[in-house]
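Labels run A, B, C, D and E following the written order; every chain starts at residue 1.
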Amino acid sequence: MLRVENLETYIEQFHILQSVTFEVIEGTITVLFGRNGAGKSTTLRTIMGFYHVSRGGVYYKNEKLNGLPTHVIASKGIGYVPEDQGIFQHLTVEETFALAKKEKDPEGEAKAEWMLEIFPDLKKYWHKKSGYLSGGQKQMLAIARAYINSSGLLLIDEPSKGLSPLMVEKLMESIVKIKKKTTILLVEQNFFMSNHIGDYYYMMDDGKIVHQGFMNDLRKDKETVRKYLGIS
Amino acid sequence: MDALLETRNLSISFGEQEVIRDVNFKAPKGKFLSIIGPNGAGKTTLFNLLSGQLSPTKGEIYFKGQNITNLSAAERARMGMGRSFQLTNIFPELTVLENVRLAVQSQRKDFYSILPKPAKYRKQLEEARRLLDMVFLKEKEDYLAINLTHGEKRKLEIAMLLALKPNLLLLDEPTAGISVEEVPVILEVIENIKKDSENTIVLIEHKIEMVLALSDYLVVIFNGELLVEGEPGVIMQDERVQNAYLGGLSHAASGKS
Amino acid sequence: SDSSSSEEEKDTIKIGVLASLTGALEAYGKQTVRGFELGLDYATDGTGEVVGKKIKFIVEDTETKPDVAVKKATKLLEEDEVDFLVGSTSSSDTLAVLPLAKEYKRIMIVEPAAADSITGDNFNPYIFRTGRNSSQDAVAGAAAIAKEGVRIATLAQDNAYGRDGIAAFIEAAKERSAEIVAEVYADPNATDFTANIQSAISEKPDYLYIVWAGSNAPWKQLKDMKVQEKGIKISTAVQDIASLKTMDALIGMEGYSIYYHTLPDNEINDWLVEEHKKRFDGEIPDLFTAGGMTAAIAIVEALKKTEGDTDAQLLIETMEGMEFDSPKGKMKFREEDHQALQSLYSITLENQEGVDHPVPVLIRELDMNETEPPIRNQ
Amino acid sequence: MLILFTQIFIFAIFAMSYDILLGYTGIVSFGHCLFFGIGAYSTAIILNANDNTIGFFLLGIAIAVIAAVLISFLIGMLSLRLQSHFYAMLTLGFSELFLIIAEKWRSMTQGGDGFTFQVPEFLRDRFIFYFFTLISLVLIYILLRTFTSSSVGKVLKAISQNQKRTEALGFKVLHYKIIASVIAGVVAAYSGALYAVTLRFVDPSVFSIETTLDALLMTMIGGVGTLFGPILGSGAVEFIQHYLSELGTEYSIFERWPIFLGLLYIIVILGFPKGIVGTFKSTVIKRKENRKEKEGLLKHSA
Amino acid sequence: MNTLLNLLINGLSTGMLIFLLASGLTLIFGLMSVLNFAHGGFFAWGAFLGVWLFTVTGNFLLSFIATVIGGMVLGWIVEKILIRPVYGNHIRQLLVTLGGMLVLIELLRVFWGSNPIRAGLPKWLEGSIDVGGVIFIKYRLFVILVGLVIYVMILLLLNKTKIGIMIRAGVDNKEMVQALGINIKGVFSFVFLLGAGMAALGGFLLGPYSGVIFADMGMQYAVLAFIVVIIGGLGSIQGAAVASIIVGLAGAYTAYYYPDLSLAVNMLLLIVILLLRPSGLLGEKGGV
């Protein structure tokens, strides 16, 4: 579904991504691991068209994305949850939903309903300015917004950040549910969570893919886990 | 027990919604407290009240035996209260070193000096470097803070916090967004602070393993109210807490460790 | 060649002309400059020379900013070493330059700035003014309408120009035993003057006397408020032709004029109108063109008398009390404050066939004795 | 062109004072001319009402400084808590109010046309005054440089970047902002006093928004937050304006020279967002970095 | 009583006119947070373009529409060249647009000379009706009407479409709006040119109000428009409307009853309101 080939990205003069190649298969959750500064967020941002690609390509449904402006990429059906949540501080939850809903999308309403079901807190603070939401609530809003807006692929950057265990659990459940409808590329440090829901993984370090495989295999591969994630 | 910080009937409302309701809690000297609770329970708001970012609609706050309810954030900071923010909060266009040095300066009591004092300045720099070393950021001291990765920014925040030499540390999710492999580093830093018996630490954190490893005492906030408090072991078994906060995950997590 | 050029320098009389050539007052500034150029030609019979010395003039733009005016004046005095200064369009610019004339001991001909304080509080002996001042305007305004028993309301901008103008007017009007029933000042930058107009006419005066300068004028709103239909006559100064085009609401009003090309009846003015049309594509001279010309004539006349000597002391002695002919008839620099006494014109505004603006028609000429203002520099 | 340079120096002082607000504290004021005007009027009124001696000149400056301190303190207390846009507009309101006072309090200010006055013998010589302003500029530059590198100066820089954080570190932000305003106000008042003395004349235009905008422009063109930038900016702006206007009187295509001035501003602001000094600095830094990188490579290969 | 009524009506219509001048700025400055000093240039261009078109065509409504379109074209150009590169940086916006303002005003002088020009009206709008001492100036009633229409239109635009939300979101976080598939640059351009069109309309209507137009009118009214937007509370169109009416009425009543205050009344209003309500009349209290 999404194919990234030999991606090279520079930010100013820094060479951040160095020939990154991976693929996201339709209907799966692909997890991108790696330590801080490995280049995970940069990868997502490059896919979204925030950074100029100096070499290589990003293909979505066999269509080349790089070079297109962000809003065109997004309107192809790719939803994005940024690392810092990218909340519109001055919009209410309601307005954020309205903004995310696409005019032409017949399922828009249903998607919104479903999101409110998964995150009832959002319903509760329907008329509240997003800037006043708690950290976790903002995260929920960011995910809901991306989901409503997308139709096929979600790029999620560290969704479990700042969520309570109960919430993480709920989130996992909802991501698993969402997975039935969309493909997901997930950046996640929470090994426990990704472990539970991921199908396939790529390990990044220093701007390169250093490891990849089925999540199931990784669970057994204690060595790799320790090496790159420092968990035993 | 000698309470360093105490709140009495602390409440705040935003419009209709009462986000914190009659919270009474004590932070004893030298203890490590953790506040847990579901998202939106009011933890950050409670911190904002304690550190003076918000003022309560009702109730009082005592710090070191003094009523500080009406003091400004700056005054509380000077009394020895330091906090970190849930979202990273640094000086983006200053260097890493200068960020920390400023924090050091705020502790040196020469608040309104309009003449440069190079000797003092150099001392502050030394101190700042020492702190950066503690959080493993020394190599990046000349970077502009904005160019750090998320994790590095968090470390910088902690260094700045330490520079304040606070007696009370309020940490709002210091490890959010930090890779698993880096968490121990931050843990180490926090434990370092904890060693100093004078220091009281209040931590907000969702990483339950971490909370359990560090805390002497747990406070659970739910819906703006203090649900229960007590020793970690006791709290973890509390059914209400499990339902409201931990969910099924707790078993998995605790079962593993 | 060095010595010959400095020889030439010596035989050249230089005049620095300061005027607003950009910004809000640029139209006025340009009139002055045109008039000055024409005046030199007229006074020297086109030779550009007086008693064998060449006359050269340098124009500088003050941008209607006092600091720029000072900069430019200093440049004229120091680099170009001018013998005379002429200017400027705005009173503030002029006031700012006055001390320089004294410092460098050069004669400055003030034209057309009208503030009384130039030949009043801020006077110095190097200053001569060919332009009329606010008090002369006021006296003319009073002469046009004030009579025993006439009830007059005044309306003016709340600034120095308006306040000074009204103060002088009231003094003159009272001398003529008229009664002042209301004195209203309006924010010159306001969008709406109807409230001020309403307050001015609430006493039902015979006349509404208005002192106004600048583009944001209340003329249309006077009409909207049906002032004339209520039997209240309006009286004000007639301005330049561009402004006249906006004054069609005032047809029939009785006021006064400083200059309009048909008003003065003398040969110099005939020459001015003729020559101006010839040089500028059929255009007629405007409000301050005559003033610019007068300034040039005054300088040439003075030089003729001193035989080309530009020594300031000598010039002052010569010019004090000097009478000379101008497009506006005879003028005289009063000895006490160096203000040129001059004619102004009592007029009424009429529509005329083939003219695209209301035309001021002479009622009578107010001669220089009649418009003589009080002396205020003592 | 002694007087051109004299005015450049004076505006440089004024622009530096603005930089203290804008560049070092992040305060946007639309009413900074207020202090400039107070300086100009205090000096002018004192010298006009008394003998033109050095003593009264100094008295005028003293009064200007005291007035600037009081007013900046008062306005700061009242309004520095406001958010940026609102603060900017409020200062505009105050400065316009002073403009109106200058127009209307005719017994004191002689109204809108302004008035001339005598300056002390000693300062009457253009040459001496030129040096006087130059020395003032250098001294004030040194003083302000000292100030910005002091503890307070560092805190100001921090405030400009993240006010909340500064507060949380224990600094009373309002106090620091007031200190910055007072210092900026005093320096601006001093420059205003010098301005009045060069002109020997004062009128309400010193209180006009154009005066503030000039300072802002000079600061931006020179480089915000550099202190040296505003000096260059003042020179650049004055020179450009002066020569364009000269061209305007000489060549008829330049008759409408403000168009070229406007275009030039646009080009400079769009093309050199960091101003003269900022652009210079960043090119130098880049060059250094390149050199470092090369050296690093060499070391590696060695 | 008549006096009071006269003042009321004239104050109201002046308020409406001020609202028309400020409405474009509410979008550009209040909503998009662009400190656009060239706004005054749009007024002046609207005024000159309108008067010129009216003299040439003699058709008031046609000139009306053409002026608004002309203003939009001008806005489009200004946005593309001047504003694009400086979104998010107020100081640079201020200075760039200041340069733009200089150019716009001087260009006016190039095209139409530096003299004031009379702004005429069609017959059906000229004159006034005297109803028992209360004078209704026809044109002012017309201005009130247009003001109301524009007010409703803007309200509809902001409340019934997503544009308002898009802009506010765009000001908060531009990248993220794009990531929602919205071409935020396009939206900003559109709103900017809309604001410019409204400014031109304001200028167009301002001309016949006082009867004269002149190149420098822009700056003077730009400051007034900024005051109104600030007093009303940033981004609040209702606030701008209320503030405009207050400014209009205050102007009329002080000019009549306390003429010595008229010069200062706007500034005093600004100061008092901001000291009492630090974020304007209908602005939100405190930021996020």
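Please note the rule applied: contacts are C-beta pairs under 8 Å (C-beta built on N, C-alpha and C of every residue); 3 or more make two chains touch, one makes a residue touch a chain.
Here's who's who by UniProt: A, B = ABC transporter ATP-binding protein; D = Branched-chain amino acid ABC transporter permease; E = ABC transporter permease.
All values derive from a computational prediction rather than experimental measurement.
Looking at subunit A and subunit D, the chains in contact with each of them are B, E.
When every chain is reduced to the mean of its CA atoms, the largest separation from subunit D belongs to A. Inter-chain centre distance (subunit B to subunit E, centres taken as mean C-alpha positions): 48 Å. Taking the mean of the C-alpha atoms as each chain's centre, subunit D and subunit E sit 31 Å apart. For the pair subunit B and subunit C, the distance between mean C-alpha positions equals 75 Å.
Taking each chain's centre as the mean of its C-alpha atoms, subunit C lies 37 Å from subunit E.
Counting partner chains per residue, subunit C shows two or more touched chains at residues 158. Within subunit B, contacts with two or more other chains are made by no residue at all. Touching two or more other chains at once are residues 132 of subunit A.
In summary, the structure contains touching chain pairs A-B, A-E, B-D, C-D, C-E, D-E. By the touch criterion given at the top, residues 51, 53, 72-75, 77-78, 83, 85, 89-94, 98, 101-103, 105-107, 110-117, 160, 164 of subunit B touch subunit D in their complex.
Within the complex formed with subunit A, the residues of subunit B that make contact are 14, 36-45, 86-87, 149-152, 173, 176-182, 184, 206, 208, 244-250, 252-253.
The touching residues of subunit D, counted against subunit E in their complex, run 22, 28, 78-79, 81-86, 89-90, 92-94, 96-97, 100, 103-104, 209, 213, 216-217, 220, 224, 256, 258-259, 261-266, 269-270, 273.
By the touch criterion given at the top, residues 162, 165-166, 168-169, 171-173, 175-184, 288 of subunit E touch subunit A in their complex.
Within the complex formed with subunit B, the residues of subunit D that make contact are 146-147, 149-155, 157-158, 161-162, 164-173, 175, 179, 183.
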